[in-house]
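In the two complexes that follow, chain A is the common piece, with chain B as its partner first and chain C second.
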Partner chain A sequence: MARPLTRRAGRAGQYLALAAYMVFLAFPLLWLLSTALKTPREMALLDPTWLPRQPTLANFAAAFSEQDLLGGALRSLVVALACAVLTVVLALPAAYAMARYRSVINRIAIGWVLVSQVFPFILIIIPLFMVLRRLDLVNTLVGLILVHVTFVLPFALWMLLGYVRAVPRELEEAAAVDGAGRVRSLVSVVAPLLAPGVVATLLFSFISSWNEFLFALVVLKDPDVATLPLTLAKFTGPEGVVRLGPLAAASLLATIPSMVFFAVIQRRLRSGLMAGAVKG
Partner chain B sequence: MRVRTALAAAAAALVALTAAACGSGDGGGQATSNEPVRLQFLSLAWQKESIAANKQLVAEWNNANPNIQVEYVQGSWDNVNDQLVTSFEGGDPPDVIHDDSPALAGFASRGYLLDLTPKLPAELKSDIPQPAWDTVTFGDGRGGQGVYGVPFLQESQVIIANKKLLEEAKVRIPTPQEPWTWDEFAEIAKKLTKPGDRFGVAWGMKSPVNRVLNLALNFGGTFFATDGSGKTTVKVGPQEREVLQRIHDQLYTDKSADPSALGMGTADPLPGFYAGKYALLPAGVYLRQQVVEQAPEGFEWITLPPLKGTTSEQGATSQTLSVAADSEHPDEALKFISFFLNGANQAKLAKGDWLLPTSVKAAADPSITGTENGWDVATASAKNLVVAPYLKVNGFDEWKSKVATPVLQEYFANKITLDQAATRLVDEGNKVLERYAS
Partner chain C sequence: MTAAHARRRTAPDRGRREMLLLMLPALVPVLVFSVGPLIYGIALSLTDAQGGRDPSFVGLANFGDLLTDGDFWGSFRIGMIWALSVTVVQFAASLGLALLLNQNLRLRGLARVLAVVPWAMPPVVIGLMWRLVYHPNAGLLNSVLRDLGLIGQNIDWLNDFSLALPAVIVVGVWAGMPQTTVVLLAGLQSVPKELHEAAQMDGASVWRRFWNVTLPQLRPVIVAITSLDFVWNINQFSLVYVLTQGGPGGQTRLPMLFAYEEAFRYGFFGYAATLGVAIVVVVLAVLGLYLWRQMREAN
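Moving on, here comes the complex of A and B:
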């Protein structure tokens, strides 16, 4: 009799801990939502309120009417999607080659990839700007995408390298014994096992590009091509003073596309991981 | 099937991207004989009213000048200098640049900005007093001097006060003609303090350097001295120590200032101010905008004029409009600036940003001289503004971030004495300045 009770108490404790962890994770987003719905007066209360006393959509209206949020979000979406796809398209074959064909060049290339991560990006901003200017890519989304891909590619390559190495070479050899050619073996055997890695890399590349600010600031000058992080920065003033209400509303909206992207893609990530586990 | 769908989506995204990218950017301000001159104006307006005023003035200009069309580009104070350095180095800067005078010194010495001296229209020159022009006059890096911007908005330090608490305490309400002295201020802050319940004053000192240096001029404190050979050194004598000591006394001797407010930024003590936890807030004039927007209904507040030491002088910097040295249309850019910063327009911009105009005509504009929201007191305080001495000091930024900020924070936190603070400001500061002297 005592044992089921203990078990039930243990399970309740687990759920409680899980709920607390969920609240901890969700807190920034919930606080953002609460702030976005508050009036300026309520935001300036000495004892902050958890829930808005007089919820208002005025901050959303101000954010939308003063800045081109929708345009910024669309441009960010295009840049982030293109960056994610291009990064994976470029990194996947490179990672496969580096994992499967070991040579001195590979080792040097991997070392170089790691070394490239230690340079502060601010150092390369001006030369990068001049290169883009010469190519007539300043003030274009193509220019920004190329910069983002260049900036994300080394880490994406490193991520995928780990996934490719985790796929046993014997599986490809078994496929070859069964008569599969190189392409068939890659498509039917390797690709499904790499799916979680590809999804994780897509996600990483998308979010890196979606949030990126400094390169966008330098490359894009016209308001017509500004991405979302640049648009959000326009709610900040000198000496760290910000227009908190519209900024919270705009930031909340800015999180939606990446949450949707993650929600769509996370099932694939999970099922891929399980598939790998079973086969491994 | 899913893989195919994903590939199709990726292809569609790339097509959309290409289409979007092809349409982006216009490539600059080149004009053929039939096309109007196109100028790019980087504005840092960020308050709702200020953005509206900026856009309205640009629209007015564009309607009246079909041959010189201005494109309004909104930047951000947070990162404008990174953005500008890249544009300058890349040879593709905006034609008309909104910034503040501390940033201009470095840009001027590197040849990024146009010296406006020979081009300034007489009317604009005479409408702005010389102390404001001093804030934009810098060395050109080749031994000469030039004017590298048109100053148009300035900030003074006033005191925002809880009117009801002042009336209850029956203290004298100061006027621009008869401001509080620092001694009076200290006494009144003590009187307004109720231990455990309320502090007379809250000094938000998250970024203490500019504030302390600007106020130090009340007692003639300049913090920098330049000798006959042009060498600049840090000095912390009796004049420089006055304001430091007085603020410290309020914190730890009088206990009329809240030590927990020290880590706050300028606007952070406002919730405590509305709740009656603080009676007086020394702050820049622009903070009135937040009080108007946020103060609870029925909350009565008042703007008090700057404090007086031996004088009421305060150091000031300016917001500025400059012309890029690489601009292809400098004359047209200056014509636009002359329009944008005429007396009537400066009054609109000042009102939008809750700051003080440099234009004499604007300062007399009824829209910013009325009693509502303390405009009369704020505008009257402009006469006390003189160029901040640190503005002309090579290496000030590094001294500020590496030496002065930590030293002043430690001093106000009561971790070091005033003597120790003074020694470090001078010794460590001079080492920094020496590097910039050569």
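Moving on, here comes the complex of A and C:
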């Protein structure tokens, strides 16, 4: 008799716990949104309101005029785009080679991918800074692009390796039997199947570079070449309460690229693009 | 026969050359900008390299200085408290969330999306967002606590000597929960249903089933993700730099912030490299001990 009762109590407990998690996860986000929509007058109130009384978009406009956020965003865009394209151009041939030939290099490369995930950046960033200084690349976007490419490469290679392995070798062999040359089979058979993987890797590299802070902080000392995360971090300083609105607005805008990336990836993961390729 | 033999030998040779050629574009930047600097960095730790000067070899002198440097030990202690508490709390919270998400509950879809959102945010933005939450006058936290009657006056969370570190740890947990939850959820979903059904037939309670079926099956996943979390946490920089810059009075100065200041504020490159090496050694030792114990218990 007691069984269903405890069961129902258990369910209620589960919902309670889930609600607690959702509050913890969601409230900082809602607060950011709420702050971004408040007027300066409302921000200055002694007792902060939970929801903006007169929601305004003025903070978004203010964010761009007040500090060099637009410049920061443009520089971030240049760095992230260059980083994404360069990374894929460099990693794709290597991923193809690793997927198609077996060799000791494979193991070393995969070992390096793992090591690079856990190494403290500080140990690399000091000598790297000295190298960049010698090459006169400190305070240049080129220097930052090089650093970002190097640090995104291992994981991008890993991602692409998975996608190349998923393209069956039989397809290339079939193309060869049909008389297609090596290049032709790569271009017209392998490339279309790899396209989704390449897009995902491009996006991943773009986001990693767009969000990156520590290397940018070390490489770009000059505020005139600061990228978006640097400009945002500097935004705070000894701020008055009134400046928090534009800060929240700018933070939200800086998050948009990553959000788009995650939305795209989630759909990609489910669609199973390879499903029909071998059957035909 | 000889022709066939020759062809068999040249084909793999050509393949190897082709492979090297294809890998070269990726290999060069990795060698020049990360393997090289890594070795250079370890070498630097044995020198007195500073801002403008040419470095000269000093052997293990930096390591000697490190052992007697009170600031380093303070930072090291804070780093260990930070990394261990974030890893443990993150794991407990994520396991709970993963277990809930694995149940057939309403709103599960929304909760799953929410659980992944922090993953998609730049660390700088996470730091700024939490500064807004912790803000003494305009912050959400003080407002809620005051409305509940729990505090009389506003607290400056990130500038309070005893509260800053716990406050920062909470942010660390929030920021790192998605990865851990997703990995644990994937682990839970790969536990064979038959095991649970068999245990249920034998009359095992929910709690016993969790303890004797789920946890042992999940063990490899748990060991892997907690190890990774620990390493990521001890290497954390951006989040705490944006939140407190290591303050107040060094109460949240993690080892990475300490090393960053030594190198780029004071210009002690050699000493900062020594710090990096020391942290790697400690991380490897802690991980080695942990993995060794886990393996021994698993056998």
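Simple rule for what comes next: the second predicted complex is superposed on the first by the 193 of 280 C-alpha atoms of A that agree within 3 Å, B and C clash if a C-alpha of one lies under 4 Å from a C-alpha of the other, contacts with A are read in each partner's own complex, and residues count from 1 in each chain.
The rule is simple: contacts are C-beta pairs under 8 Å (C-beta built on N, C-alpha and C of every residue); 3 or more make two chains touch, one makes a residue touch a chain.
Here the structure is a predicted model, which is why all the values come from computation and not from measurement.
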| task | State whether A:Ser103 touches chain B only (first), chain C only (second), both chains, or neither. | result | second
| Touching A:Lys234 in the superposition: chain B (first), chain C (second), both, neither? | first
| query | First (chain B), second (chain C), both or neither: which does A:Ala61 touch? | reply | neither
| task | Considering only touches as defined above, state whether A:Leu16 meets chain B (first), chain C (second), both or neither. | result | neither
| said: I'd like to know which partner A:Ile256 touches here: chain B for first, chain C for second, both or neither. | reply: neither
| request: Compare chain B and chain C by how many residues of chain A each one touches, and report the one with more. | output: C
| message | For A:Asn139 in the superposed arrangement: first (chain B), second (chain C), both or neither? | response | first
| query | Does chain B (first) or chain C (second) touch A:Val85, or do both, or does neither? | reply | first
| task | Look at A:Leu214 in the shared chain and tell me whether it touches chain B only, chain C only, both, or neither; answer first, second, both or neither. | result | both
| said: For A:Asp224 in the superposed arrangement: first (chain B), second (chain C), both or neither? | reply: first
| task | Show which residues of chain A both chain B and chain C reach, each in its own complex. | result | 43, 46, 122, 125-126, 129-130, 213-214, 217-218, 233, 235-236, 241
| request: Spell out the part of chain A that touches chain C in their complex, as residue ranges. | output: 10, 14-15, 17-18, 21-22, 24-29, 31-32, 35, 43, 46-48, 50, 89-91, 93-94, 96-98, 100-101, 103, 105, 109, 112, 116-131, 146-147, 149-151, 153-154, 157, 210-211, 213-214, 217-218, 229, 232-233, 235-236, 241, 244, 247-248, 251, 254-255, 258-259, 261-262
| task | Quick one: which bits of chain B touch chain A in the complex? Just the residue numbers, please. | result | 2-3, 10, 13-14, 16-18, 20-21, 24-27, 40, 44, 46-48, 51, 71-79, 82-83, 85-87, 89-92, 94, 100, 206-207, 265-267, 270-272, 274-275, 277, 290, 293-297
| request: Flag every residue of chain A that touches chain B in the complex, lowest number first. | output: 40-41, 43-46, 62, 66, 75, 78-79, 81-82, 85, 122, 125-126, 129-130, 133, 136, 138-142, 145, 191, 213-214, 217-218, 221-225, 230, 233-241, 243, 268
| Where on chain C is chain A touching in the complex? | 15-16, 18-20, 22-23, 25-27, 29-30, 32-38, 40-42, 44, 49, 93, 96-97, 100, 103, 105-107, 110-111, 114-125, 127-133, 135, 137-140, 143, 146, 174, 177, 206, 228, 231-232, 234-235, 237-238, 241-242, 256, 259-260, 263-264, 269, 272-273, 275-277, 279-280, 283
